[in-house]
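Each of the two complexes below includes chain A, the first together with chain B, the second together with chain C.
Now for the complex of A and B:
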């Protein structure tokens, strides 16, 4: 046993028994002939790369980091971590301007927000989209997420006294998307938690979790964000003993797993404190707290498990929460990737495979024909709304909508 | 979180148990770290023949076609074996001389299909064989990039362009009365193998390939979907680490992803598979069951665990956890009141339940019956 601990290989790659199961579950491999697939890009490639970095293959950039290969692997090989680590270590190409722009979610947000109506107008224009397509290779089919006029942080800060009055407290890692694009989701969370007699606090100035920086080849920047976020989360989780909740499954996966595994930033003292809001709420209800729901709420909801929620293994909490709402007719969609993978699907060269990946999910949604698709990821929301026309809401927003006043 | 039953392992045994319990209105969760032996499935359920009505119903409700008749089936390397209950992909013949002449068609660049072995085996049975390959433009693009071409890469493409494949095969076909193809059709669309059979004017036989098994993965997906449609909770990629046990009764399970959130239940089913799935592990001194520390039957001398002749039956394959006749597991000589062991983790300890997939299904149903019995008590 001791010996095994010493000889344990990085990301468990030596555990690979070459069973090829991961190849069956890689959404990219099935649509993009240029991608070598998880087994070759991951454990097989790692063997070669360790011999000589020359064997690093730039086609690894096609990996969406969805982690479905890891969920499928019977030997616990961290296939996607291997691939992303290899990109961090060996990819010497400088990220393009486009990738830097797409990755800088918080920077973009703080620039765009004061001019929200103008920016929304501009990025929505056909001519701008054509220009972005031609100059930056951002696919013209994409709709940019709208920027909201006032940030969520500003909204909540003005309510900090009122929130502090609740007997229970949590800290909220809202992420860039809630802050700049969809403060409504943050407000929904506050509404639900307040109904559980719980006040919501901001962290002491969070930064973007950094997931887009990692996948766009800016790991040094990502590491700075990680170090900063770990220190502000520590103040809430260790000093104040608060749970830190989030509404985005990708933020949570990044904070809990990617920081130590890909960026080498130690989060061991705070990892367990970071949870999805749906898990936090479910556990509160299980311990006896109650929520009162409207009697006239009737909706047909189809739940899509985002890839990173699947990897966390916590889709069950969102599912059970939604099923608790009386008047909801619930369908669990087959777990499948929607194809967007954060900024991946925004890139012109990925647009086609991105849509092809999502097709199985889209056609299932069309056949279920729900009132609302529920899912815990903002980029899935854009992708599913664009591709199917169905409205997509975070389970927390559905919960808030169904609450009795 | 609390359920009536928590099942550890989401392979064939776990899914059959989960589906059956959900159908009886009992709430269940399945924890499954990684995928399972169905990904290597030949398409035949060893040790099962004519299916009992409840087995037939279970598969038909999941949308999976199965059949049995007396006779033989063709193995991937050109030998024949006695028929077993099979997916519709697998052909069963009254005798091994099922054709006069066979055209064996592979896919250019796909090396996981053993056409020449098949030909050798069939010629021994007096069936003349001709070997050919086909390709399609859609498959060519894959070949360019692929250091390897795997079943699961080409199968989704073939789902879309199977009609072009049929056209190519018809061009190759001369006076043969049988066409043998690799089992790589119907990855998402289960109707494809049947359509191919109808469109080719000869007896079409799908022969096994190297893994991953296309019919096996499809079977896994359909069973899982059926389970979830019945309201079951499938925790993919999670691992049962340990259990809280008090006086022979299991109270809850600790998992990797849910950490401090324990899964509680009245009953627990251990369907964690054999060595391959890590349901059992070994070290130089012993063979152990890692979640509950159950008693495992194995030879005390390590040299007796295996036969140096690789091709012989290996004794360790028969090792499994000990249970009583109701499949309740045994730890430290004591019976566990509410823990049942099913599927490959039983090894050869219960020969009366058969082997392979037959063991998985029969033992899962037996455990379900026990749980229903105690529920009614």
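Now for the complex of A and C:
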């Protein structure tokens, strides 16, 4: 008798055993009854959608794409990919102006940067927030990240000769946030890597990774970004044989996983070269490199593992790095979603569930009462800072601060 | 008059019996349908669910082909909620003779079937799962039909026209007066209750089991059972029916039906005694997978849900019991003219596709005997639920923003979906997560559609037909049934039977994910629920 040697299905949906553990782990389902939950929206819904796209359910938009369902799944079903690719394939509604604005992080950044002081002043005003809330349905509780007057790219480009002098080299995918809003993080990375005798190069004009475009229904634009980014990363990773590091867990997840799985952009030859900076640094230290830390540095740090870091399985690298700093009292926060999910929490209709999702994390932070919360994701940072008042820093910035000069 | 007296009694709750009852009831007759098990348990529910265009028969059996295309067009009008108008392809593969294609198309056109030769490239675009090596393709108006739903809708309409139904009642004998049959004796297989019903005309619509009923009546109808095995894949690989453009053979039809697709079939003669216990053999499974992959290569690596087999009711067209003259066409026997037995009609042969025509022929014969002169209206009158042509339109009319379960209900129930109670969140809770069946939909089936067990419920709602094969829905549905019937003990036994029956279909293809899931199901039922 002939048995089937393998069975395959799109994003493994047929491997689902209906155990429902994904549903138990879904942060959205616990606060929003309108969401059908990952099992329903994912593998169950897929069979109906294969029959007829008519069965596509608008409520799939409530998925935050945190990927916690995929981390929980014992059968390797790509639950979140199923949901997001269904949205890409079947959701024919046009993205709203608001969603276009929220999703176009690099376009908005390049517009706002030259007028940073004015833009920052205006977006911070209560009246602006009220107007955005009323007109665009961007929730009034949110504060837009401040724009920086000078871009990180410009800063590093001026130091390219000095960086090229280091014996080791890496390329840095800085992402929109470092470039337009927080160049300090990029500078911190350069400081840490230089301390490891490693110079930092820019990619040949990177674009936004596109994660916000995907979740806001602009996958065609996202695919253009992906194709571009893969080709510039290829020049660094394949031609120059460099590692490509990044400081944002969502950028890394998008470059490595979402490009092939959701956008159909092949990155197989460069995928392994793209790593979180914390993993790269940890591995360098494992191989014998050393960092010297200040003796007067004493901080109580609580580390929050971003959802996409959980999905990568790399939270452990950031944790171990932080634990290496002698003066740190370290707490690993329980794994929980903060609720922001990129642009999701900015939308007025999601504000309440966004805050409800994050509440467990916020209350744990309050009870730990650390000096600093560490976290590898910029949108988690905004959410935690807004909701708890605690300062949030990327582990790389904490590392840079703790380095001996 | 006596409550147990009718104008006509129909034996057999397959599609032919249900269709005949509907037709008789619509012509104003007082009808009773008797079925020893549930509706659609025989050949009706054990086939591809293919809405033939007739193309498959066009070359060899012009008469069947013409019947099929006529009924195909009628069913699309009257049974839209049971039908998916997918269209079909007849593909020519490199090992097939391409010259057959022209013969095929000419025969189709002669029978009135719209058959159009299309470019292989177009076929690959229309149906991406099709074997890319194809060298020829013909597009025909094939489709798929849900036989359970069709049967239930016919029974329901008969009831709306005053008909009565006795399910799970076995005919144990006939009441005779001289040379006439004038009633039946029955025994209820659940309660054990024995009853008698009288009518001047009795219709034997028992398919292959009609041989046995005819024997009880003292006449001989020679049946030649042929087993056909089929495999259900766990999701739709194809959205158009795919056939081979060659002389009909084994495993050469792949039909998309609801959320699954079905490959079949084989053909093996079996002795009559085996009709009630057909099982799928390993050789049949191998043949189905191998041949199926020639139609759509991805079948070889697509999860299989179940294997099942049915028995074709082939019949000798005349009194010749040797089987030399076997017909796949409709056979309507008036035993008064054939055997001198008054008040007894056998309607058999035929196909799921031609059930309405068979019902019309049987009802015409009944009316002749009763001297009733009423025209048949079943070809124009939609079945309950089929008042709208598409489920999109149904869903749009009932709900402003339908959920996935509401859309699925509209696709299953057609316009009857408006009967599902809403507003209460417990009515919207899901019983079956794979097929999206809500509490409200289950309760409606229990109210209207003669449900006595989980298996009955499955045929009417698709509960337990999805990937999990009852793992999560069966125990929930059992709770609702226990409530409706007021008996927990009976339902506990029913649940065990149901899960055994699900396993029976998993067993022949018990590997990979289906095996994993079956094992998980066993943990749930044995170790968690303690059954």
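Quick note on the criterion: the second predicted complex is superposed on the first by the 398 of 405 C-alpha atoms of A that agree within 3 Å, B and C clash if a C-alpha of one lies under 4 Å from a C-alpha of the other, contacts with A are read in each partner's own complex, and residues count from 1 in each chain.
The rule is short, and it goes like this: a residue touches a chain if its C-beta (ideal position, glycine included) is under 8 Å from a C-beta of that chain, and two chains touch if they have at least 3 such contacts.
Keep in mind it's a predicted model, so treat the numbers as computed, not measured.
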Chain B versus chain C as contact partner of A:217, first or second or both or neither: neither
Chain B versus chain C as contact partner of A:47, first or second or both or neither: second
First, second, both or neither for A:15, with chain B first and chain C second: second
Which superposed partner A:58 touches (first chain B, second chain C, both, neither): second
Contacts of A:36 with chain B and chain C, given as first, second, both or neither: both
First (chain B), second (chain C), both or neither touched by A:24: first
Touched partner set for A:334, first chain B, second chain C, both or neither: first
Overlap of chain C and chain B interfaces on chain A (superposed complexes): 1, 19-20, 36, 40, 59, 75
Complex contacts: residues of chain A adjacent to chain B: 1, 19-21, 23-25, 29-30, 33-37, 40, 59, 70-76, 272, 279, 283, 286, 310-314, 316, 319-320, 332, 334-335, 360
Complex contacts: residues of chain B adjacent to chain A: 1, 29, 33-36, 39-40, 141-142, 144-148, 150, 152-153, 156, 188, 211-212, 217, 221, 225, 228, 233, 235-239, 255-261, 276-278, 283
List of chain C residues in touch with chain A within their complex: 234-236, 239, 256, 258-259, 282-283, 285-286, 289-290, 298, 300-304, 391-392, 401, 403-404, 407-408, 411, 430, 433-434, 436, 466-468, 471-472, 511-513, 516-517, 520
Footprint of chain C on chain A - complex, ascending: 1-9, 13-20, 36, 39-40, 43-48, 50-52, 54-55, 57-59, 75
